[in-house]
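Each of the next two complexes has chain A plus one other chain: chain B in the first, chain C in the second.
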Partner chain A sequence: MSMKFRCERDTLVEALSAAGRAVTTRGGALPVLAGVRMELVGDRLTVTGSDLDLTITVEVEVAGGEDGVAVLPSKLISDVARSLRPGAVDIAIEDEDARIVSTPSEFSIRVIPVDEFPELSSADGDAVTLDASAFRAAIDQVEKAASSDDARPILTGVLMAAEEDGLRLVSTDSYRLSVRDLAGTTILGEGQKVLVPSRALKELSRVVGDADEITLRLGERDAGFQVGPVKVTTRLIEGEFPNYRGLIPSNHPNALTVDRETLLDAVRRVRLLAQESTPVRLAMSSEGLELVAVTQDVGQAHEAVEASYNGDDLTVAFNPEYLIDGIEVAPGDEIILETVDELKPALLKSSDDPDFLYLLMPVRVS
Partner chain B sequence: MSDVAYEGPAPDGVLGFLHVDMDAFFVSCELLRRPELRTEPVVVGGTGDRGVVAAASYVARSYGIHSALPTSRARRLCPHAVFLPGDHAYYAEVSSRVMAVFADITPYVEPLSLDEAFLDVRGALRNRTEAAEIAREIRARILDQEGLTCSIGVATVKFLAKLATTEAKPRASQRGPVFGSGVHVVEPGRELAFLHPKPARELWGVGPKTGEKLTRIGIETIGDLAAQPLDRLTAALGSSTGAHLHQLAHARDPRPVVVDSRSKSIGHEETFPRDLSDRSVLSRELIRMVDAVATRLHKAGVAGRTIQLKVRFRDFTTITRSATIAEPTDKANVIRSTTEALLAQIDVDLGVRLLGVSVSQLGKPIAHQLSFDDAAGLGRDETDDIVEAIRDRFGGNAIGPATLARPGKPLDRMVPGQQQWGPDDLNR
Partner chain C sequence: MAQCTVDYDGRLQAHLPSAVRLVMVKADGCVAIHADGGAYKPLNWMNAPNRLTMDDEAGVWTVTSPKGEVLTITFEEVLSDVAHEMGIDPGLQKDGVEAHLQQLLADDPTSIQDGLKLVRREYPTDIGPVDLLCRDAEGLAVAVEVKRRGEIDGVEQLTRYLEFLNRDPLLRPVRGVFVAQEIKPQAKVLAADRDIYWVEVDYDELRGIESPNLKLF
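Presenting the complex of A and B:
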């Protein structure tokens, strides 16, 4: 087994770290998945990392010497590459070892048998293109509300659904719900919907950078996103996403309008005294908004926030992290928080962008 | 610490404070184990020369033996009495079963010792007409379940209930024990008539020293005390004691029943009319009990982290299984899934005679992040609140879990205070 090439250190580091993000850190059933697969054809090096659900592949230009395939321990090779001096690196696979030379440093690393690396699925549907920056912004708006609890796999996904006038992204962890509409984006068939793991979208968001376009291929079971030299392939989640439409109250009697940055700063301050899973309270009245946090035996924080409020005097308590997540991703300078009472879901939206909704369940304080 | 204790509501003039005192508790416990001693004078306490009497049977009391008497004196008063060393662990075990009977009636139970407790039963009055009736039921249940008698005072405030208990107690006489009424009620409006003829020394907080001072200023009865202007009392007794006694003499006692939840639990258990080994039937019974426990937790404004299942088999062997959850709960669905999981691990083929569910490690419910499941009606929250509102308005059996509904029969919900040793209708 052999393979030989030379490349710039930075090229190697970038490829390894991008592909390495799909590599499982949890040492699953297949030890080989702790490795990255490197394949050289001519001057084209393809680096692949996968945990079977998520696969990230990066293609880079190198100075090829001898075509071949090898699997190297992901974390180690990545750490080694990063530690080298800037400049050219020579990599040569000989039998069971990979020699990495960047004078005066020289490493020899035991490779992982190539034939253990599994055949990875790929998405084979027709290619459609997406506006990269708009899609990335949409991902960032919904990704946090997705669950990270593997016990509820469906909620770890982001729903991508075809709506009348475009594409809709929805996520919920059962405590909050994000909805983002991308008008005019018609990448799905009529009525089509897919459930994409939020982890894959988060990785996609990272690699988008300043790219203009994302190419999407939707297969039966997989979705592939191509951004420049990077391809993110993910298994789709099977199952029915909850009927989120029914959760959004049709009528909110109370509405608070407030400057987004002002509220964000205030909640971040007050949150310091909302420890041990105590909530931040929003006391809303015609006087405006007051934020209160009290942690027993620790202390309390109050802040009056300039805001306009229409409705009955009401105090609602929220998990400050969930509230901040919503305020952070809401578009525009001004947000509206609509409430029914202290136990019903509150709706956070932008006052000038109807295409974003963040629905948040309060904390019940007895 | 305030977060582990909770209080009942303040007195409001409604008859509903009970003081329950077990009759000769330690001795009665011993007589349960040794019934042949029933007619003998029995003394429990330190049996050595320097020991004192912890408890004396009513037969022994007719010889003049009473608690705190040196054992050596007791032996001289009644040489043929049976002297037994105390067995505290055993008494504590009996006591916990007695306290569980109280907890079945009301979440507001304040134990004063192993054999004495205050209860606030005002919340249970909706289903019954009178507090006195509840008191009689408690006596009957303890007698039936444990073979023990108790005396109960009933009044509008705590200290009057305690004084009333004395009236209800059995008394020793030369000719043997004289049974008391068992329950004594101080009716609202009759408080002063009950109180004023009594010696001032019987008041809560009047020790020997204060008693002497009162005698010195010519006060014998509580009525005398009530007639004194406050400033004269505070001058003679100090401002705090003076004000305290002045309040009591006018039958004022603002104290609520205080439940120290550290060691307490809220639970429900029931002995079935016949032994059950069908899991689906047991599961139905379990849901009834969970429903009752969740309602009481909620009414008491507490939540607990430890959920316990108790199973007594046909042969009377009793096992308990418990699980501790991450967040205190008062939710029926959480208690249900936990107890169902516990029950699933128990072999019930032998036949289950009694099933019990309790929740302990009680405290104030902590802030609870609601979820869309709650909004969709899957959790406690609104649904349970609505259920309670319906029960408050239309009675306890107006609504209940659908699993408990059967065609043509009334809803088979468990009501706090329902007979624990089994209903008499075998055709349920």
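Presenting the complex of A and C:
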């Protein structure tokens, strides 16, 4: 086994960091997955990390010396590359060792047998392109509401569904639900829907940067997103996403309209006294809004927030983290919080963007 | 109970002047000298294995460890000298919540993971019983360790059980599930690193008590 190339330290660090984000942290059944696969063809170096569910591949331009393939321990090679002085790095794989030289440093690292690296699946559907910044914004608006509980795998995904006038992204952890419509984005066939792991979308959002386009390929079991030199491939989640449409109450008699930043700052302040899983209460009346948090034996916080309110006087309590998540991702300067009563789901939306909504269950208080 | 002085000679030298103290010699050979305070902690002690020489005529006990440490207890007046055979200790009882949590999960293992079926509670291994042994939807064995608070030592404990259970050709491969009401972030990382699945469960929900955290579905 041999391979040789030279590249800039920063190029190497960026490629290893991006691919390394898919590398498994577990020893597990396939220790080779703790490594990154590096393949050199001419002047193209392809770096791949995978945990079998998520695969990230990065292609970079290097000064190729000798074509070849090698698997190196991801964390170690990343740490080594990052520690080098800026400038050129020479990497030469010979037999069982990788020599990394960047004057005055020289490292020799034992490689992982290449034939143990599994054949990775790829999405082979037709390529469609997406506006990168709009898709990234949509991901950021829904991924927080997806569950992180692996016991309910379906809820760890973001539903991507074809709607009449575009694409819809939906996520829920059963306590809240995020819906984002991307009008005019038609990447799925009529009626088609897929469930994409939120972790993969989060990684995609991270690599998008200021790219203009994302190319998506949908296979039967995988989705592949290409952003410039980076490809994020993920297994799709199998199963039926909850019927979320029926969860959104059609009639909310009460509506609170408030400046988004003002409310966000106020909830962040008051939350400091909402400890030990206690909620933040929103007391809404014609006077406006008052936020209250009380933690027994610790203290309490109150804050009046300027807001306009139409409806019956009502106090509703929410998990402060979930409330903040919703306010943070709502688009626009002004938001509307629609409520029915203190036990029914509340709807948080933007005053000027009908394509986003965040449904949030209250917390029952005595 | 005795009026005594104690001298320790080992990694350092220490002297306890004459006073009334409780001197305990346990069946495993460890010796501890307690004052009437300081909670559970002795003033001085020597862990087993030890050699205890009792010179009753001179009123001197000499405790010697394999490392050459010497604890010398010089008795001036013995106030009370009793010996009791205490038998085998049944071990620390789990607190009520933990035991109840285990019972509730045994009654409905699907609350841990879909498709789990209970094989046996307190499934024996050479190093103690694992809380629940189950089979998953594919028929594979699953060892479940239940804690009220999930910390690193719980993950370590389950790792040891898995090592023993996986030696049994009739059971292996056995995977582990770590269940607690709340699991510390470090314990989650360690569990994930060892391919142990972890689940946080809601005790109130398992008991049928409605959680204040309302759900959409």
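The rule is short, and it goes like this: the second predicted complex is superposed on the first by the 366 of 366 C-alpha atoms of A that agree within 3 Å, B and C clash if a C-alpha of one lies under 4 Å from a C-alpha of the other, contacts with A are read in each partner's own complex, and residues count from 1 in each chain.
Here is the rule we use: contacts are C-beta pairs under 8 Å (C-beta built on N, C-alpha and C of every residue); 3 or more make two chains touch, one makes a residue touch a chain.
All of these numbers come straight from a predicted model, not from anything done at the bench.
Overlaying the two complexes via chain A brings chain B and chain C into a clash. When the shared chain is aligned, chain B and chain C each come close enough to touch A:242. Using the contact criterion defined above for the overlaid structures, shared-chain residue A:151 touches chain C, although it does not reach chain B.
Judged by the touch definition given at the top, the superposed model places A:191 against neither chain B nor chain C.
Using the contact criterion defined above for the overlaid structures, shared-chain residue A:365 touches chain B and also reaches chain C. When both complexes are aligned on chain A, the segment of chain C among 4-12, 148-156, 166-174 or 202-210 whose C-alpha atoms clash with chain B is 202-210.
Comparing the two interfaces of chain A, the one with chain B and the one with chain C have residues 172, 174-175, 177, 242, 247, 279, 319, 343, 345, 361-365 in common.
Those residues of chain B whose C-beta lies close enough to touch chain A in the complex are 3, 301, 364-376, 381-382.
The part of chain A that touches chain B in the complex is made up of residues 172, 174-175, 177, 242, 246-247, 277-279, 296, 317, 319, 343-345, 361-366. For chain A in complex with chain C, the touching residues are 25-29, 149-151, 172, 174-177, 242, 247, 279, 319, 343, 345, 359, 361-365. On chain C, the positions that touch chain A within their shared complex are 112-114, 189, 192-195, 197, 199-200, 210, 212-217.
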